[in-house]
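These are the structures in question, set out in turn.
Both complexes below contain chain A, partnered by chain B and then by chain C.
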Partner chain A sequence: MFHWLEKHPFFFAVAVFVTIAFAGLVEILPNFAEASRPTIGTKPYSTLELAGRHVYIKNSCNACHSQLIRPFKSETDRYGAYSLSGEYAYDRPFLWGSKRTGPDLMRIGNVRTTDWHENHMWDPAGVVPGSIMPAYRWMFANEADVDTAYAEQVTVNKVFNVPYNKPIPMKDGSTETVPMAASLDAAKAEALADAKVIVADMKNQDVKDMVASGKIPEIVALIAYLNSLK
Partner chain B sequence: MENRPLEYDYTVAKWFMIATIVLGVVGMLVGVILAWQLAFPGVNLMLGEGLAEYTNFSRLRPLHTDAVTYGFTVSGIMATWYYVGQRVLKVSMAESPFLMFIGKLQFILYIVVVAAVVVSLLLGFTQSKEYAEFEWPIDIGVVVVWVLWGVSIFGLSGIRREKSLYISIWYYIAAFLAVAMLYLFNNMSVPTYFVAGVGSVMHSVSMYSGTNDALVQWWFGHNAVAFVFTTPIVAMIYYFLPKESGQAVYSYKLSLLSFWGLMFVYLWAGGHHLVYSTVPDWMQTMGSVFSVVLILPSWGSAINMLLTMKGEWNQVASNPLIKFMVLASTFYMFSTLEGPIQAIKSVNALAHFTDWIVGHVHDGVLGWVAFMIFAALFHMAPRVFKREIYSKSLMNTQFWIQTLGVVLYFTSMWIAGITQGMMWRAHDEFGNLAYSFIDTVTVLHPYYTIRAVGGTLYLIGVFMFAYNMFMTMTAAKRVEESQMQNTSPMGA
Partner chain C sequence: MKLWIGGAIFVAILMGITWMMAGGDIGANDTMGSLAMLGALATAVIAIFVSIKYVRQIQEEKAGGELADENWDGIGEYKNELPMGWAVLFLATTVWAVWYYLVGYPLNAYSQIGEYNEEVAIHDASFADKHANLDAQTLVKMGESVFIVQCSQCHGLAADGIDGKAANLNKRIEEKSVRHAIVNGANNLGYAAPMPDRNGLFNMNTGALITDAEIATVSKYVANGMKGAGEDVFQGTCAACHGSDGKGMEFVAPSIADFNPELVATVLKHGKKGVIGAMPAFDLLNEQQIKAVGAYVTSLSK
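Let's turn to the complex of A and B:
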């Protein structure tokens, strides 16, 4: 059989393809629907948080920080409850990372505050002596891309039925609603209102001035995202 | 007429050889910069505060991995394809103006895509998925380049004179098919601009969410490694080692077993990147088990190559090209043993997220992939450029300096990884964590420094390679192919 295949490139290719595609079918398909069901209390991202998530991705924060807490005592002691599949239901793409040059950030919102992040992103080694993380000062000047964040909200809502403007069950039995604006202008206004809440806890005057003039710096969006990780 | 030897046309092979050298220098230079940044964070500001955004570790990191994977390695694969393909199929590119056009078009588009990748990654356009960072417009370019390669493979096979496909061709076909499948499925995404009508055209959102996205990504990520860093490199060694040494491949049956075994087993092993994550437990176990099984087909190929040298081990001492290839297959064995060890669940609990994984990737890529590509290009150069290799002693120096570099690299990363993994899990007598996270970072400084030195040595070797190849192309003594023996002609 192999001798025959080696003389017939087309059938050889078919045989190779079947052999390699087999594993993917068996491994990936069976649990696909189940793995994407959200846990109780998992909410989609707001416009500003999503803009912050884009800043996180743009700067490959995931190259050094994981967002995956494994079920070991040493990890739950350090980072909090271990990760559940449904907690990632609204993460497109997933940001688990594969290397912890810095600590896990899955639940960083529980342990760090806005002003801590502000100081740390400006001068990491000044906040954590010995840190090898570089500073991210351009985030204090670059403007966040709210338009694209809104475009993503609209897309995931339309294409994947991500539940914006719908009641979402919380752990205590109540419900919460994550709003998605009806227009880009309304989305910008909402994001700016959220940004003002964040900026109230910050001290950098340039950032405050930018937000006062209606612009949202990347650092504000990023902090909104980091604060949402709980 | 019929008895005249075929005149092979190496135009496209030449272009890709030059691309291999240039992108190798770029990719590994960026890697060395990253290594120094981890040892000395001040290097992040090497071009000043104003350009910090573009010289920062996190922006450069995807550029390094992609430049080495899709730049250096893929160019090397293409360079060897456009050389080996003609020779083992016994057909010249010159016989088909159509395939010649396809080859040239593939190269030109490839260079366009590479340029787009470099610019877009520096500007921060990324999907964040490892080795699948490129946004959708670039993905389309990648697919076109890949399809053109497929046209070349099957087109050349269609007009071949040698009816049986040589082992190398099996591996090229497998690489083509598997990468096509993996790349397409992992990059399925919806461009947001076309749904919402606002925002950046360069942005897209993944078709899969959360755990599913991770599963598809590592099914891709692991096997992209397999079908870029393994199968085409095995294709090379099956051609170049027997050619250069003048020895017949040790066992046809072993090559058959290794090939089909590798095809069947490799794709299952992706789950080992997700051990103790939120993907279902049975997939994690499958990933671990198949990773261990994978030792068989991997070692099958490597042992087949080493036994090909049976009775001719003196060539290892006399011919630096054989040195490169024998060390490459040795590193292949080493790396394909180390990987399965890391895939065992209890070992993975310690090793995952640490530098040991980084070490593993690098002993594979620096020791196996890059050594094999250097050897392939050295072997091709005299036949393609009709000149002898410029300097044998420079090749020998390169070999030893790079071997030293790899050894420093992986030993320091072993120690760093295991040290950090042990410190993360250490508890004191009261059950509290013994170390804060920053303690586990500062302790790595010496190992990061040793790694950076190892990487720098390796890079120096790459510069020697580039210089040696440049001189071979332009200044070395002319020699006709009809005068060549198996052993490549080389100057002192």
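Let's turn to the complex of A and C:
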């Protein structure tokens, strides 16, 4: 065996690598495989939530907000339970962020509600005195891009086998299913139905009118996404 | 011979430098200082002369012994015994490696989460210890801090609800909230029997369902702090559950006359969705903090 390896430099190099990296391979790889599996209770995003996620990325919210709670008492007191890698299983790309001008948003859905986000995105300083977060008023008029969101859903479902239309185990032992529509039109209808639920808790009349006429403003998609961060 | 003389001179120079750097301060009675100088001398001598010994060995000694059969392009190998020290070290390392591999790493490895758990346990213990017997005033102060961190974004720093964006906690309840509860019923707080809507609210005085006019008067009455017109409607319709003073009954209905820490704790546990907006349930606070923020909210409308 050894003589054979000595005569084949490529395999010799591989064997050297395996020998040197052996401890790393047995310690890191199984852990990695285990930790990157979705945690119980982690669901893929619905069409509307994905559209909101695109709004979040488009406006670089991640430049000021992280989505990663580190295991320190000071962090978990303020933001909730520390993040687990499996919770990012359906984040493509993940939005960990590296800078906290504003607070972490990993679990913002637990402590803020639709109507608060509506007030805050319209005028942050109106609810948090002295806030330096910019207002995002155009989101109340711009339409969300549901087409791209649906395209992403189909892609991740085909390529990465993200479990849409399949029961997903929840923490309390029940299961939930995140639907993925069969066609773009059906996806739009589904997103609109979700948007109507959100808008029922909102006050801005222009936004209500838009949704009533079948359009989804960016703010509604964004709030759907923020509410899903738990 | 030259090497040995060179070594001795080198040691002398080293000691000279050491003396110049530190030795000048060493007095006649300074035993520790003298011992340190002695140690420095010993170190220098051993280092230099051991080096010289090996240099000599390389220069003079020739390897010997029986040659092994293999040779590689003229380079051969002697069949010498392993040096004892080397063999012992090798075996010891092997034993240690097996231990580390099977026991040391898996059972004793550093864990970030382990450290976090310890940190939390220590903090929780000292927190409970430090705040075991708070007097009422300190409790309210603590509640105010919790409120500013966790609640002020919605309720405002003055707890006034920021122009109707959330409940104004400086008074128990607004008229429109009472009206909303009567017209739509209420089922936020996890009572076994929720509050019925207007089609389930009988005025015992009239023997009929509550009317629009009665809803208007009783809402004003409750929002007014249980004062003014409407007491008869309240007693006839609401008192059966909310108590004749409006302060609620355990397991039946919450107080609508004033805030109390239990009510605030219930709101925090279940959240609340009403005519003003939605408040999420809170699981970030520990028991002491819930008590404190309850005391603070209660103190606001006193």
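We take it that the second predicted complex is superposed on the first by the 195 of 230 C-alpha atoms of A that agree within 3 Å, B and C clash if a C-alpha of one lies under 4 Å from a C-alpha of the other, contacts with A are read in each partner's own complex, and residues count from 1 in each chain.
Quick note on the criterion: a residue touches a chain if its C-beta (ideal position, glycine included) is under 8 Å from a C-beta of that chain, and two chains touch if they have at least 3 such contacts.
This structure is a prediction, so every number in the text was calculated from the model and none was measured.
After overlaying the two complexes on the shared chain, residue contacts for A:Asp77 are found with chain B and with chain C alike. In the superposition on chain A, A:Asp206 contacts neither chain B nor chain C. In the superposition on chain A, A:Val127 contacts chain C only, with no contact to chain B. In the superposition on chain A, contact is made by A:Asn119 with chain C only, not with chain B. Residue contacts after overlaying the shared chain place A:Tyr150 against chain B, while chain C stays out of touching range. In the superposition on chain A, A:Glu27 makes contact with both chain B and chain C. Look at A:Arg137: by the touch rule set out above, it reaches chain B but stays clear of chain C. Between chain B and chain C, the partner in contact with more residues of chain A is B. On chain A, the surface touched by chain B in one complex and the surface touched by chain C in the other have residues 23, 27, 71-73, 77-78, 128-129 in common.
Those residues of chain A that touch chain B in the shared complex are 2-3, 6-7, 9-10, 12-13, 16-17, 19-24, 27-28, 31-32, 35-36, 54, 57-64, 66, 68, 70-75, 77-78, 83-103, 125, 128-138, 142, 145, 147-152, 154-156, 158-160, 184.
Within the complex formed with chain A, the residues of chain C that make contact are 101, 105, 112-113, 115-116, 119-120, 123, 149-150, 153-154, 156-157, 162, 165-166, 277-280, 282-284. Residues of chain A touching chain C in their complex: 23, 27, 71-73, 76-78, 80, 82, 110-116, 119, 126-129, 201.
Against chain A, in their complex, chain B makes its touches with residues 37-38, 41, 44-45, 49, 52-53, 56-59, 61-62, 124-130, 154, 157-158, 163-165, 169-170, 173-174, 177-178, 181, 185, 190, 192-193, 195-200, 203, 205-206, 208-217, 219, 256, 260, 263-264, 266-268, 270-271, 273, 276-280, 283, 286, 290, 349, 352-355, 357-358, 424-427, 432-433, 437-438, 441-442.
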